[in-house]
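There's a structure below that I have some questions on.
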Amino acid sequence: MIQNKAPGKDVSIEDMKEKFPLTAKTDKSHTSFFEIAGISFGGKLIPVMAGPNMVENENLIVETAIQVKKAGAHFLRGGAFKPLTFPYRSEKYTETREEGIKWLGIAKKEAGIGIITEVMEEKYLDMICDVADILQIGSRNMQNYPLITAAAKTDKPLMIKRHYGASLRDWLGAAEYALYEGNRKVILCERGVSVPHTHKDSSRFLLDLQVVPAAKEITHLPIAVDPSHATFWRPWVKPMALASIAAGCDSVMLEVHPDPENSAVDPLQPIDFQDFEHLMIDMNKIANNVNRCVLD
Amino acid sequence: MIQNKAPGKDVSIEDMKEKFPLTAKTDKSHTSFFEIAGISFGGKLIPVMAGPNMVENENLIVETAIQVKKAGAHFLRGGAFKPLTFPYRSEKYTETREEGIKWLGIAKKEAGIGIITEVMEEKYLDMICDVADILQIGSRNMQNYPLITAAAKTDKPLMIKRHYGASLRDWLGAAEYALYEGNRKVILCERGVSVPHTHKDSSRFLLDLQVVPAAKEITHLPIAVDPSHATFWRPWVKPMALASIAAGCDSVMLEVHPDPENSAVDPLQPIDFQDFEHLMIDMNKIANNVNRCVLD
Amino acid sequence: MIQNKAPGKDVSIEDMKEKFPLTAKTDKSHTSFFEIAGISFGGKLIPVMAGPNMVENENLIVETAIQVKKAGAHFLRGGAFKPLTFPYRSEKYTETREEGIKWLGIAKKEAGIGIITEVMEEKYLDMICDVADILQIGSRNMQNYPLITAAAKTDKPLMIKRHYGASLRDWLGAAEYALYEGNRKVILCERGVSVPHTHKDSSRFLLDLQVVPAAKEITHLPIAVDPSHATFWRPWVKPMALASIAAGCDSVMLEVHPDPENSAVDPLQPIDFQDFEHLMIDMNKIANNVNRCVLD
Amino acid sequence: MIQNKAPGKDVSIEDMKEKFPLTAKTDKSHTSFFEIAGISFGGKLIPVMAGPNMVENENLIVETAIQVKKAGAHFLRGGAFKPLTFPYRSEKYTETREEGIKWLGIAKKEAGIGIITEVMEEKYLDMICDVADILQIGSRNMQNYPLITAAAKTDKPLMIKRHYGASLRDWLGAAEYALYEGNRKVILCERGVSVPHTHKDSSRFLLDLQVVPAAKEITHLPIAVDPSHATFWRPWVKPMALASIAAGCDSVMLEVHPDPENSAVDPLQPIDFQDFEHLMIDMNKIANNVNRCVLD
């Protein structure tokens, strides 16, 4: 009857500081502050990353880049590589891979906006680094430590999305792998956890906003929130985006698509350009009330 | 291999309307609007219910009533009957029961504020109804249908807290029992769900803010949020209270205590009078940004 | 940053002994052993409780009593009072209440078998105690402490089913309320927990068999398992019943119905008389391999 | 209000057959049967894989190979590459990597036993394939689809452990990636899911035995169970191993160590040689009662 000594149970802050010395705060006021492509993270600004789930074609990504930039977005998001639950791809729903990365490069120039995109394999890192300003580690690769290590070594800023089954401890452990390589520009992104009780009738994941104050109490890294992937449902994106900012997040990622209902993936979750433009204004108002801003 | 027809799995909105005809919306714009003790629910105002976890003694509850009223609260909360996980009571941690209800009555008169308090047994309903403006069904009694039925029959307004293991469907089912008795003044209150992945290092429950837009899509009833019981940790109450309002809730319940660290129960979660006063102002600002208000 | 001292997190065995002195083991070999209606619990025998979900009518319950007794069952189970998620009752799906209890009394005499049935309200306790040998506290009332207290005071043996959202600690707390009243014949029954990740395509609950060794490490009370309500699916009842015994449970509850597909409730989960007879033999073989028995 | 049409919710068996045509059963009796290193999977035999968590040194792994083989184990398990939550390694707790794989090769020859070991990166596949009979995809890499694809292409048999946050659908999706490459020797291994309600006082994971009949209803692939990693606690390994076999699993993986308390990792979970020898005999008895065997 000594199992209450088992490791792996609750871990104290002290233990976290020992296990995650680089991710843990050194004192209560310790906060990371850094710039990526001229945009500051961890300060008064709450940078917004917006764009489609998948880089479907050149026109779509260039048009979206121009429109979200106009509405005030700080980065264009879009995946050319995607971890899909099935090995099968429909004609519409196809990773555009090398070509998609090239189109992101064109959009970057045309719109003058920074790029965040997902990496899944070490072998494509060089190619992606030519275009991306932030490398995204997707939730399904959150515990792919060799990938995180390789990505961190490129010295590009990283954003690590939380796995939907990961504890706060697991998530901070993933960040520690990146910081351990000397890369200091690491952003953590909450995107919904799987829960037993709740939106079974409507959604797969529950956006965990309580993790925002919880994580910020322990780590100095900026905490982003992605309400689109968690809610999986367009009408809930706005309330949860506003709530993310009221809860104290440091960045917001949103899925924006020129024609949401015809999105190649997850057509129920993106918002269109007009809704995005209005949401930016509404988020900025909430941000102002917690001494932050979304629009410069 | 026909188990995919099993009931109890995901339920469609159509099915909900059949199972919960009184709780379900009739159309998208259907919203309950009613007054309790002169305070409107379901409209522009977001009424705030504040006070200690337990009605510890007369002085404490009268003082708190006066202070929270002064800061703008619309109802005084406080439990004289409490479902505790253990049958044992320390000298400090004792339900004050009949006496506690009497003190709530005194506080009501002294401060001129409405009262919400928990009911646990049918036999005390009459006594409690003499004082209470809203009867609270606690989360542990959310599926005690005979109690809900008896409470609903008194025609007093009810607030039904969600069990930490209850789905949205379970929760709306409990409301249907109340509406079925002809009682139309029913408020639903989210107070945290138990989750596998998250705050094991810091909290027992996760405040489910995504349930606010999810519930409001289906039901016309007002949705309250109690961030104090979910977070269980004073520093997170403010960010989660602000996020609750940004997410679109219709009422907020907060634990406020004159001397939080000496609260008879859960001393890590209440905020003091000064923090409450500031929080009311901050909540009002966020409310104004979503076309609502907290302060009249 | 002292929230890691918050109560309500993991509790050590030592703490459990303090909070649950009557439910906790005094030493490693401490095990409750008692008889109910001539059947021993906590010893070599693994008593089986079998019967329909609802006491639908006199014929059904008398026939089932005779058949399950013949196959070796030790108790007849059947509910005359049921906590249903909705207030509506179809003609078929109706609680038979007082009449159902009367029919259980007839079945008891006809078949010479002990009775276990659910109690939901204090006011029916006397009537139910005239017939029942074991009072069942259903999972939805696991935290209805006034009900548990009233039931325990009758001095009838109790079986407390675990709420699908309850931790081991919550469950043992409910048992402590019963033991606190001086009632020593208390059985705990696992019946599935709600989980995020698993049988979403097929079942609502996950039978938690790991809780059997976990609970038996801490408490001296006998641990029953109900695989019918957890799996919700006939073909899985047998493998999970066998696994329950292999995992070390002290009693098994099974849903048995003369015509499963026409059961008034949950028609996908009961097994018929023939399957029950075979299962008793198979369970007995597994029991023999762990030094227990199901058939005398 | 059409979100109930959202994809990603419950999926029917029909849908699974469309999404996972190679993993899904073609009819009720469809079961994979194949041999690995002369040992049959999917038939009457329930092969046992036993050994230490980490290949700590040559002596340990050779001695363990000899002892588990003598007790009847069919494969030696042991990790030379391990995904650890933190980037830091103590002197004792170090991956032995290339050297560890070499020692596994020596143990294989000395004991005449097949080898299963984890792969984490494509670049080490050739080296590991020289020694391993089964490649293990660890739970943390269950959604690392490029790794699964590369491993499947080697044509070595694969065992895919379920992520502790993965649904049955996610897990079968990972298997489909392997089958899609033409590799037909794929084993699925349950090793515990994270749950909100249960063993918080004692364990991190809950062994999901209900997934055994659930998975076998849908897929023809053999289902293994690893009770050591789920329970994380030596005294529970035996009851859960017996229950796994009673529940119908096709293979068992166990952590066995010559000196459990001095295991380099997770010293609370391995059993020693003597306990393993006895457990093999007990598992065989249970297996015989469900028309299977563990010992040839």
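In this document, chain identifiers A, B, C and D correspond to the written order of the chains, with residue numbering beginning at 1 in each.
Assume a residue touches a chain if its C-beta (ideal position, glycine included) is under 8 Å from a C-beta of that chain, and two chains touch if they have at least 3 such contacts.
Note that the coordinates shown come from a computational prediction; the quantities given were computed from them, not determined experimentally.
Any chain touching chain B that also touches chain D appears here: A, C. Interface of chain A with chain D: the two copies contact each other largely through the same residue positions, with over half of all numbers used appearing on both sides. Chain centres here are Cα averages; for chain A and chain B they lie 33 Å apart. Touching of two or more other chains is recorded for residues 3-4, 9-10, 12-13, 164-167, 169, 193-197, 200-203, 217-218, 235 of chain B. By the touch criterion stated above, chain C contacts chain B in their complex at residues 3-4, 6-9, 19-20, 83-88, 120-121, 140-141, 143-147, 149, 163-167, 169-170, 173, 176-177, 180, 194-196, 200-204, 232-233, 235, 266, 268. Listed in rising order, the residues of chain C touching chain A in the complex are 1, 3-4, 9-10, 12-14, 28, 165, 193-197, 200, 217-218. Those residues of chain C that touch chain D in the complex are listed here as 9-13, 16, 164-169, 193-203, 206-214, 217-218, 230-231, 235-236, 239-240, 242-248, 282, 285-286, 289-290.
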